[in-house]
Amino acid sequence: MKFSFSEEQEEFRSFLRRFLEEKSPTTEVRRLMATDAGWEKEQWRKVNTELGLTAIAIPEEYGGQGFGLSEQCIVLEEMGRSLLCAPYFSSAVLTANAILYGASEEYKKKYLPEIASGDLTASLAFTEETGAWGISSMSMCAEKTENTYRLTGVKSFVLDGHMSDLIIVLAKVNDNSGSQRLALFSVDSTATGLTKNLLNSTDQTRKLAKLMFTDVEATCISSEDDVTEAMQKTFLKSCIGLSNEMVGGAERLREDTLEYVKMRMQFGRSIASFQVTKHKATDMLADVELAKSAAYYAAAAFDDGESDIAATASIAKASASEAYMQTAINAVQMHGGIGFTWDNDTHLWFKRAKSSEVFLGTADFHRELMMQSWDQ
Amino acid sequence: MKFSFSEEQEEFRSFLRRFLEEKSPTTEVRRLMATDAGWEKEQWRKVNTELGLTAIAIPEEYGGQGFGLSEQCIVLEEMGRSLLCAPYFSSAVLTANAILYGASEEYKKKYLPEIASGDLTASLAFTEETGAWGISSMSMCAEKTENTYRLTGVKSFVLDGHMSDLIIVLAKVNDNSGSQRLALFSVDSTATGLTKNLLNSTDQTRKLAKLMFTDVEATCISSEDDVTEAMQKTFLKSCIGLSNEMVGGAERLREDTLEYVKMRMQFGRSIASFQVTKHKATDMLADVELAKSAAYYAAAAFDDGESDIAATASIAKASASEAYMQTAINAVQMHGGIGFTWDNDTHLWFKRAKSSEVFLGTADFHRELMMQSWDQ
Amino acid sequence: MSMNEEQVRNEVREWLKENWSPNLDLVEWRLKLADSGWGMANWPAEWYGRDLPVSLVPAIEEEFNKIGALTIPKSGIRMLAAATILNHGSDMHKEKFLKRIITGEDVWCQLFSEPGSGSDLAGATTKAVMVGNKWVVNGQKVWTTSAHKAHWGLLLARTDMDDTKHRGLSYFIIDMNQPGVETQPLMQMNGHASFNQVFLTDAEVLPDFQVGELGDGWQVATTTLMHERRAADSLRSWGQASKGDGPIYDQERVETETTMQPYKWYPQRAGRVDLIMDRAKETGAIKDPAIRQEIAKLMTLHKSAEWTARRARAAQEQGKPQGPEGSLGKLAASNVARAAAKVHTLISGANAMLTGEDSPMDGTIAEILVSFPASSIAGGTDEIQKNIISERVLNMPKETRFDADKPFKDIPRNTVS
Amino acid sequence: MSMNEEQVRNEVREWLKENWSPNLDLVEWRLKLADSGWGMANWPAEWYGRDLPVSLVPAIEEEFNKIGALTIPKSGIRMLAAATILNHGSDMHKEKFLKRIITGEDVWCQLFSEPGSGSDLAGATTKAVMVGNKWVVNGQKVWTTSAHKAHWGLLLARTDMDDTKHRGLSYFIIDMNQPGVETQPLMQMNGHASFNQVFLTDAEVLPDFQVGELGDGWQVATTTLMHERRAADSLRSWGQASKGDGPIYDQERVETETTMQPYKWYPQRAGRVDLIMDRAKETGAIKDPAIRQEIAKLMTLHKSAEWTARRARAAQEQGKPQGPEGSLGKLAASNVARAAAKVHTLISGANAMLTGEDSPMDGTIAEILVSFPASSIAGGTDEIQKNIISERVLNMPKETRFDADKPFKDIPRNTVS
């Protein structure tokens, strides 16, 4: 397996990094995170159109650029680095993949090109109020009517669910035989009976919504009887994507902290000259670099169709969860009192580290997943 | 609850420490640990007679001094500190308590005074080849004959089992009703059908034996139909005793390491002047002091009849297991290459730390025990 | 019980019988305490005290508590001010300030920390220059609790740039109600604003308001800091307003609530171990074997820290010299807070992302998750703690100093944060 | 593939066709390699090489491997000796030593570390004094692999106590077979004796056997150490004797086994992650949810360390400058070893107390538990590694030196361990 970024990939990354530094400085992040929406249509369209970010990993036949997960992970890593406020992970990762793997050709053709162009934002509603991330633990059940389905129940922790044009819902369907299967449904965000509540999230750069469905009309878009496998693939691909986003944030925090301790003087010397600071900075480097390796490897392994990919994805997520949070804790500590203040930017990443630690499952959860895939 | 050592206790400790420093320097430990027996009768009798160590916690009515567990834990802590090679934990802790709580008056009167005087050494054979520490997981079953019982099966990890005069065995008995109960049996160490194998243990200061029973005659000494509760009390009391022994060893390692780094020069300065060494030494202090508090508290709480004593004993053991092993790892590391050599004494405690980490259950095992006692 | 203690208890009881009433006004009552000396009995008889040894204070307070009589709250910056003034202040200072400290009429704040000197307080760069017959002060202070309500500030300022770092500082009492003193709240990452920044722009101090000699500021500040450390240890038990019916209790409750306002989130900062078992049971997380291990690890740490504190207290009560166990409380508290935040995250799962009313326990859990990092920073970082313990308890060599002997102006430093 | 590489491959193939035979004697074959220059093709043509760039060596070795022809083992102290001699040695040194290094007839050892200078090699106190026309050496060296079998030693000794620490050292090649050199095995806590102590008592060195100038010893040693670091990175893959039938393969297998003898326990030192899953399944520990978490933590660490190494290798193969990921292998290995020992303990439970034949896997598990601490010490402690990474990779300030400028005799040091 090839396991190093090509020159083109590196160039793309550098370009993207400069671009995001310019378009998404923390002043901008702070402005947008304070809004209910969390992002601005016009501003996001400008960024996205110029770089084709939402299109990158969507196959060419559906209007995308047809790159692999590795390339999309470069985008995610840089977005994690800059905390860009945009409906990217919800539309271009979670939902696009659910449609790509779980929807019938008709709906792929209908939705993917619009997601690729950025004209359509979409959210994937799969978790419920229990907050369980396992696909099999969903309980919402769709009721079949003559031509369509109707949904009743609650989906929660839906990323960008309060603002997306389209909601793709994962729900169970009762078969005639009495058994249950999982299916995907599309729901218009303005559908009657759908109430969308923005949840108060500690990480204001990542908006979550609770969606309450009361007899809401929904279209079944599944390609197969049961989308469990498709959703599992979507889930693990999203875990890999999130891991890459996370190591981008962790790396930025690490760099900023290192710069700070080099500049900061106490007792007549740079605090970077204290041996304990030096060793802590080295530990931080090791945490982040190892997590980066896992995230990069997982993306490449996914593209290569590696058989152990479920365990690999969980390693990446577990590694990123711990490394990011640990980096954030160290970052605040090494900044001292100033790192605990609102005006200092450290807490923006600290809070993203906390929400990412939990989103799509904690390290504990993923460790159990790896063991399940190794102990069969 | 009183939670500080009295002046008398402190004096006893100081005296004992000096005494053991003199009688059990590491040259002596190294000499004895290389023997199969692991200790010498005459030498041990001299130490024990002068100080009455085996008698300390045995009630006066059975020829003991009638002190509490707190006092016995002072003895254990100092023995752990000096790595005294003696059959103390096996006779005066495990077996004495099993008899005290589980045997009938007749056998208490028969055995306890002899154990108290040190004339009789005894081992408690409860674990089997699975190495499980839970009382309920024993599988050996005694067969009832006309006047007596007969034992067949294997007991393993029996502390000092190869050398003790008396073996007290925990085994099941089939009731007439078909149900099973736990009972205590006494077996003479020279009994026909009993084969005693000394096991090769990494920690040469703590000898373990495998005892194979083939139709061995045994006397039932239980006071009650079922000794489960008595054995649980014995187990948790032994865990507290072991924890105190362990913190004694950890403290000694910590002190020796601190002394070494203060003396050792590299790069023209004491390595104790490196900030990383200073912080590590502080972490070691915190590890050991917190574990000491738990061990001391548990002993006092046992004497006071605290209701949450099972969880407290497990906290003490879990805390001691981690603190001792971590201290040992740090001690080798801070000594550098010399700490990894056979001639340096560090490994003697390192190996004791490893065997104690496991003996009577790892930290993981005890954490689950605490949760069981809190979540009922 | 020594005869002495019995006598004192009798005297207090007698005095209380004649003087205490729950119908008194709070200030009125405290004036009685000041005048009689029973409020601060270990202070000098000359200055509102009774010259009694501090070891008798618990007995006196016990007598107060028995009948529900209010004592003087022993914590807060104003008590640091009192301790400093009693040690280093002039008679004028004692006369002017001590009584109103006892009555609680004056609020005080401490102006030591600066953006450029956090761990290194002696690196303060705020300057005081004598202009005409007044000190004129310029600089910026930070981490100042209650600055916006304070009447007086304890100020550490540099009066000589050419002298060494520690000798160039002087100590002042500054009037906070003047145009040159501007106070701004400093918001934290958890949304609270417990502290202020204070901007000093040509603020004035009369020469009389200097405490100690010129250039002795660091020494005077050391007294304040020593008392601050003791106060921090007792902070947890502080702020429990007395229970009782009557106007005086109501007045005290209002006062306590106001004083405690900035510290509302402190229990969350410490990690709220008390909530763990209930939360685990209520969410069902207690059934998860991996989470059980994490809970048990946390409880082991928490309990052994608690028992270490008890051990230290027991030794102290026996009159033994402090052992190493007495110095580990703050470090252990940092570890407990960090571990507790981790376990609360595991227990809450996806809900750990939410805050405010959407979060478990109406935001309490969320507040833990963004407050715990302060435990290992506030009141001396863990790193500074470890330096101190290794040097003072373990007698390891001190860090080489690069700032001890040269003129302060030649020491490299940050000018801003 | 560059034209150059193709040409070289053709040449090698041709030469091998004419010269290689599995029926040759090992030394005979190596002499052919030395004379032709194909054994060490990147060495100077003048000294048994072909002046080829080192980047072509893998291609050459690939051609050897294709037909099962033996190459020269590139590791071991004798290769450090060769690198040092090529860089700093005289023509006499090259003539006398290089050929027998290639043939493997001479065993070498390295005499740098001393009981008093472990992390701080430049603090060596072993003295060489010129007496008559010979250097006379006195002192004690330690951690010397294969000293008891060595013909020659690379010796770092102090020739001037009045010069600074680094300038007072000189570098020698010492004949190990002489009365003044006494070798003692140094037993480790795991019962193995991989190293020796070497006592030098009036041992003699001819002036010709000095390498580099007088006082340049530290600089010369730096070359040796640089190559040692590289060799350590490839140690794991080393010692795999070539597979094949024929006397020459047998000879090489014996040689390899002898050379690897001191390193028999090195796989255990590294923690044997490869055994974890099987052991967990076979003991049933895999059903314990708490142990599952610990296994998964270990595998996460292990896999991400492995992928980090792959990432570094891939970047190197692309000719990119080394990123930070390339410097973390040793630290990660320490962490993996420590974590693996912990997990093996959990998996083995009570059996973790046993050793030898009573222990799981005939003592292998026991050996892990008493060998892993060497991972974070040998070849530079974790602490030294972190100093280096923070200074070289993160560009953080260097530790203040207290031993750089003054005469060595005035620097505080231990005289014994």
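Per-chain numbering from 1; labels A, B, C and D assigned in written order.
Keep this in mind: a residue touches a chain if its C-beta (ideal position, glycine included) is under 8 Å from a C-beta of that chain, and two chains touch if they have at least 3 such contacts.
Everything numeric in this text was worked out from a predicted model, so none of it was measured.
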Legend entry - Pair of chains joined by more contacts [C-beta pairs], A-B or A-C: A-C
Inset, instruction - Select the chain at the greatest separation from subunit D, using centres from the mean of Cα atoms. - result: C
Inset, instruction - Could you give the separation in Å between the centres of subunit A and subunit D, each centre being the mean of its C-alpha atoms? - result: 45
Legend entry - Chain centre separation in whole Å, for subunit D relative to subunit C (CA means): 56
Inset, instruction - Take the average of all CA coordinates in subunit A, do the same for subunit B, and state the distance between these two points in whole angstrom. - result: 52
Inset, instruction - List, in ascending order, every residue of subunit B touching at least 2 other chains. - result: 269-270, 274-277, 279, 364, 367-368
Legend entry - Multi-partner residues of subunit D (each touching 2 or more other chains): 289-290, 292-293, 383, 386, 399-400
Inset, instruction - Can you check the complex and tell me which residues of subunit D touch subunit B? - result: 113, 115-120, 123, 142-143, 165, 186-189, 191, 288, 290-291, 294, 338, 345-346, 349-359, 366, 369-370, 373-374, 376-378, 381-383, 386, 399, 401-403, 411-414, 417
Legend entry - subunit D-touching residues of subunit A, taken from the complex the two chains share: 2-4, 258, 261-262, 269-270, 272-273, 275, 277-279, 281-283, 285-286, 289-294, 296-297, 312, 315, 318-319, 364, 367-368, 370-371, 374-375
Legend entry - subunit D to subunit C touching residues, read off their complex: 289-290, 292-293, 400
Inset, instruction - Show which residues of subunit B lie in contact with subunit A when the two form their complex. - result: 274-276, 279
Legend entry - Residue ranges of subunit D in contact with subunit A within the complex: 277, 281, 286, 289, 292-293, 295-297, 299-301, 303-305, 307-308, 310-311, 314-315, 317-318, 320, 324-325, 328, 331-332, 383, 386-387, 389-391, 393-397, 399-400
